[in-house]
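Each of the next two complexes has subunit A plus one more chain, namely subunit B in the first and subunit C in the second.
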Partner chain A sequence: MAGPLTNYRFWAYAGFAILLLALPLVGDEFWLNRVAKYLCYGMLGAAVALTWGYAGVLNLGQGLFFGIGAYAMAMALKLKSYTSLQQGSDQPVPDFMLWNAQPGAPTELCCITPGSWMWLPFQWQWTGVIVAVVLPAILAGIMGRIIFGQRISGVFVSIITLALVLLVRLVVTDAQPLTNGFNGLTDLGWLTVFGHEFDPYAKGTYYLVAVALILVLGLSRLLVATRAGTILQATRDSDTRALYLGYDVPAYQTFFFAVSAAIAGLAGMLYVIVSEFASPSFLELSFSITMVVWAAVGGRGSILGAAVGAILINMIEAHVSETESLVEAWKAIIGLLFVVTVIYLPKGLAGFAHERIARLAGPRAALQLKEEAGQ
Partner chain B sequence: MTAALMLDGLAVDFSGFRAVDGVSMAVEQGELRVLLGANGAGKTTLMDLISGKTRATEGKVLVQGRDVTGLREHRIARAGVGRKFQIPSVFSGLTVRQNLEVAQSKRPSVWSNLRFALGMSEKARLGEVLELIGLEAEAEREAGLLSHGQTQWLELGMLMIQDASVILLDEPTAGMTQGETAKTAEIINRLKGRHTLLVVEHDMAFVRDIAERITVLHLGRVLAEGNVAFIENHPEVKAAYLGKQGIA
Partner chain C sequence: MVDILFIGLSLSSILLLVALGLAVTYGAMGIINMAHGEMVMIGAYTAVMAKIWLGLGLIAAIPLAFIVTALAGLAIERLVVRRLYGRLLDTLLATWGIAILLQQAIRLEFGLSFFGIHVEGLGSGLQNVPVPAALQGTLRLFGHDFNAYRIFIVAMTAALALATWVVMYRTALGMKVRAIIRNPEMAAACGIDVKRTNALTFALGSGLAGVAGVLMAGFKTVAPDMGATLVVDGFMVVVTGGVGSLLGTVAASGLLGEFNALVAMVSNDIIGRAAVFAVVIGVILLKPAGLFTFKGR
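The block that comes next holds the complex of A and B.
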């Protein structure tokens, strides 16, 4: 099965995994905490590549799924926070609910503010974990069925997803007594698994995120290598042709849309564990667009490339923000970077690397591929 | 034996304009039927009606005796109808081999395709089709890089491997050189028997190469039906092609 072309792909993934796992040897906890956030962004890059690169569907509202994952986890961790346990009730009650409660309202999670009962299941931390991944997938499934089922495509999908994330942002900021509005959810507790507490500044938490990213990248890569993955790419190139071959094109688009949403939800969930806050800024349009830039620069046709693009850009941004004079210019720099890649490297860094390697491997690679096929 | 493709009083009304106006015909198993007609006669529209792209306002389409009228496109495709459009369409970002693999998949659902390898018999068939369409040397090339003729052959190969019982071909030689046209005729002749074909074609030399029976459409209706000699000497057909001195 393994020719030189498939081989170098494998080694790119393996090399990346080894690098991630080795990082704790060279950096301190604060730096690792920061890198862990970028790894979450890397996951987002991969999620964007999956829909944009492989399905040809540009989701401009990927932040919605990230946001859902983040809020679900943050709700569970908020209830584990020390402050929530100090409100004089048997059950934990988030501090901001107290500030927002009507005078005379019972200090109980069930009914302190309108809708606060929605928080009840989140007393069990795993509710947050499960909802963070499953709800985005279900929501994307429903959205996909409607959008793709109506044969809506191209820029219209982008507009719909964009509108949706803005709508949800409006609702979240508006529902102050339920979500703490603009302030978001801060002052969170820690995720606890089998008695182990995931301190955001401990190496264990870094490893949690790193292993999650490695798994997401590996599994996504396998997924697009299945026949279903090939068929998905076929629908991207010509949905009519795929339809006339008997494929239910919307089903394929919806499936991968949902997988991508689940990955974004997972990224949001891990991000909260690492950063200890969830904020409506995750639902801002600029954040969703930034993800698209990461994927474009890294290479939307490559899961790994898009993830690396996200991580690299954020590392550079962190460096730049240490230089006062460059902070202001950063938005312009990133915009320029986007334009330059789109024009000169339409397949991003990964596409560039791929072409280089293919040229180096040259005729030998082609020969080996033929032999594989002949087996 | 039931006809492979049976049309019964098929018609479509585009807000008053009947582009196809009560067409009935039966195409036997393994037959190759050529559809002739002047520009705008309704040939492409007829194929749209059969394949589900356009909904018929009247009449019925039966494929292998099964009524597929009004089904959605992918369902009609699964019922055994394959179609090639006037403008060739393949998956340009995939390799030639991958194009054929996608066309080959027997089970269409997402879940049943979450697997990797092709079976032995599938691989063998894929190799066979690659040879038939003469693209073995291009198997690992991106389909978007193929020449116009090669693209058309790849699409024919996809219809072969899809194993559609009824194949609709809309002007398969449009824009081809003479050499390419000859090769296409060869490929189409090899499809006969195993598949039932309905072919729209203007090039009479090509039609003589491949045709058994011809159906002539005129203004959305069947004007005549018969073998090549019969059609070429048919007075009404000649009249319909007025100014062209018969079918040139």
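The block that comes next holds the complex of A and C.
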């Protein structure tokens, strides 16, 4: 949809991309590693905006897809870690499996603990990379087909997704010999691509995450500007009307649900490369709701806005957390910020910025804004 | 087997305690109150503070907690929820923010900890409330030993459920609430003050949570984050039972509690809880409106 706002939007995305790529000029490696984590969160914010802002589906279990991505990558990297190679077998074996093994069990990945054979494909690191993105998409596709096919909507989708992520969290923590339970997967190796090792504290890894985020934002933006994206927004505003106009509403919803899941999986995968751990805390309800907070503050109706919201909140949080007495107060501030945003700025910072720009740019831009908001 | 069923009944009663208030606020008002668990927490802290300041026991703290949390609920309704009627998912998010605020308020002793003032009973530490001597130990019934306090909770839950039913189906307020559930516009047109009724309903739901909090303080450690998991369980019960149906909420809590106990018996507690989530997902997929429904809205 071309219009006076389109230009502003393009420059907002381009400016953000340039800023991300220029950051290594000003910061050291330690700081860049932290920023890279926030960029992964930014990706999560964008994933939430895609389903919530554009499809009107509030997924309270986005952490499930992030967690799958994180665990898939962490399994592959765990097998590459130095300690896994030193367990007296010619194949790598994760250290925690030895602690959990029955006495007399063979120290082979195939059969050391019940179900440990599931780790076998992850000896090839690309299994982790592929599973991290593809499995969330497939799972979301199946979930979407069932949920949207049944014409379940609104808060019921939220409750199903929420119940599912909590269910998986319980199963993961219970399967101690397979997943190391509450402790999660730590002490990981590095991702290696064509002989280049992605050291989490090197600029190369930062660029990997930054480029991934730029691609995700750009492609998502192009996706919502397509016909499919328009139909999706029509569904959000009135699903019955869209259905009676002859559109296969569940198919569109499922498609965007799956794309959002794949983005969350990618974010989880990159997060593990940067932070070198995967833990069941990714599957906690509070994490999934926190993502929604980021997207709401940044602007649920804007993919860039939601990403920026996630990055900004985490940067401020990291800054505040350096003063110990403020750590708990910060949580209260987040709570308050959230209440205030929902009541006074329902479209978030991006919505606020949109209105300002539209006012500056004149009546035609204001009209375009109204059209896009479906008013 | 009787023991397992009793454990299930005990779990059910706790689920129902939390869900009763939610059934009222969510069912009647269409508000998803994520701060409901924090109302339970405030009720529990009321019991803690009543013990320290007033020397009151657990039983005496029950009416006090009802009043405190009902007033807190009234304040939340006035300040936040009132602005968000008709925006279901937004109420979920805003009340989540309130939930965090309330947790931190207790943890930071309402901000006094910044000034070095410590209030006994508050703060991030764990608190305990002693159970009255009469309710300690076990009770022998039909040849089986039962924990006396658990029986007390089951009985109290049944009494509260009955009281809620009486309020909803035998009082003028209840009739107004049910009219609003069926059709808010028509209820307003008939002269019902929807805003006032909603505020009272929210206070009632919060007060019920406060009572639940006192009862839970007797067997659970009291901590600022104790409510966070409760609210999820409560919602699952309400949605499974059918929104707006008190009978459905009672039935769903019984079903889920017993199912949890039975699965936990053959496997472990974690899998028992996971199985409950699976049942909830299954019910919503098969019957999105819940087990017990009526036509309306």
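Annotations
Everything below uses one rule, namely that the second predicted complex is superposed on the first by the 359 of 375 C-alpha atoms of A that agree within 3 Å, B and C clash if a C-alpha of one lies under 4 Å from a C-alpha of the other, contacts with A are read in each partner's own complex, and residues count from 1 in each chain.
Keep this in mind: a contact is a pair of C-beta atoms (placed from the backbone, for glycine too) under 8 Å apart; a residue touches a chain by one contact, two chains touch by 3 or more.
Computed from a predicted model, the values in this text were never measured in an experiment.
With both complexes placed on chain A, subunit A has more residues touched by C than by the other of subunit B and subunit C.
Once chain A of one complex is fitted onto chain A of the other, the partner contacts of A:A234 are limited to subunit B, with no touch recorded for subunit C.
By the touch criterion stated above, A:G104 is placed in contact with neither subunit B nor subunit C. Residue contacts after overlaying the shared chain place A:I343 against subunit C, while subunit B stays out of touching range. In the overlay built on the shared chain, the residue A:A242 is in contact with subunit B alone; subunit C does not reach it.
Contacts of A:T226 after superposition on the shared chain: subunit B is touched, whereas subunit C is not. Once the two complexes are laid over each other on the shared chain, residue contacts for A:G195 go to neither subunit B nor subunit C.
Touch criterion met: A:Y252 reaches subunit B, while subunit C stays clear of it. Common to the subunit B and subunit C interfaces on subunit A is no residue.
The touching residues of subunit B, counted against subunit A in their complex, run 51, 73-74, 77-78, 82-83, 85, 89-94, 97-99, 101-103, 105, 108-110, 113-116, 139-140, 158, 162. The touching residues of subunit A, counted against subunit C in their complex, run 58, 146-147, 150, 152, 154-156, 158-160, 162-164, 166-167, 170-171, 173-174, 285-286, 289, 292-293, 296, 325, 328-329, 331-332, 334-339, 342-343, 346.
Considering their complex, residues 223, 225-228, 230-231, 233-234, 236-238, 240-249, 251-252, 255, 366, 369-370, 373 of subunit A touch subunit B. The touching residues of subunit C, when paired with subunit A in their complex, are 32, 80, 83-84, 88-90, 92-94, 96-101, 103-105, 107-108, 114, 124, 228, 232, 235-236, 239, 268, 270-271, 273-274, 277-278, 280-281, 284-285, 288.
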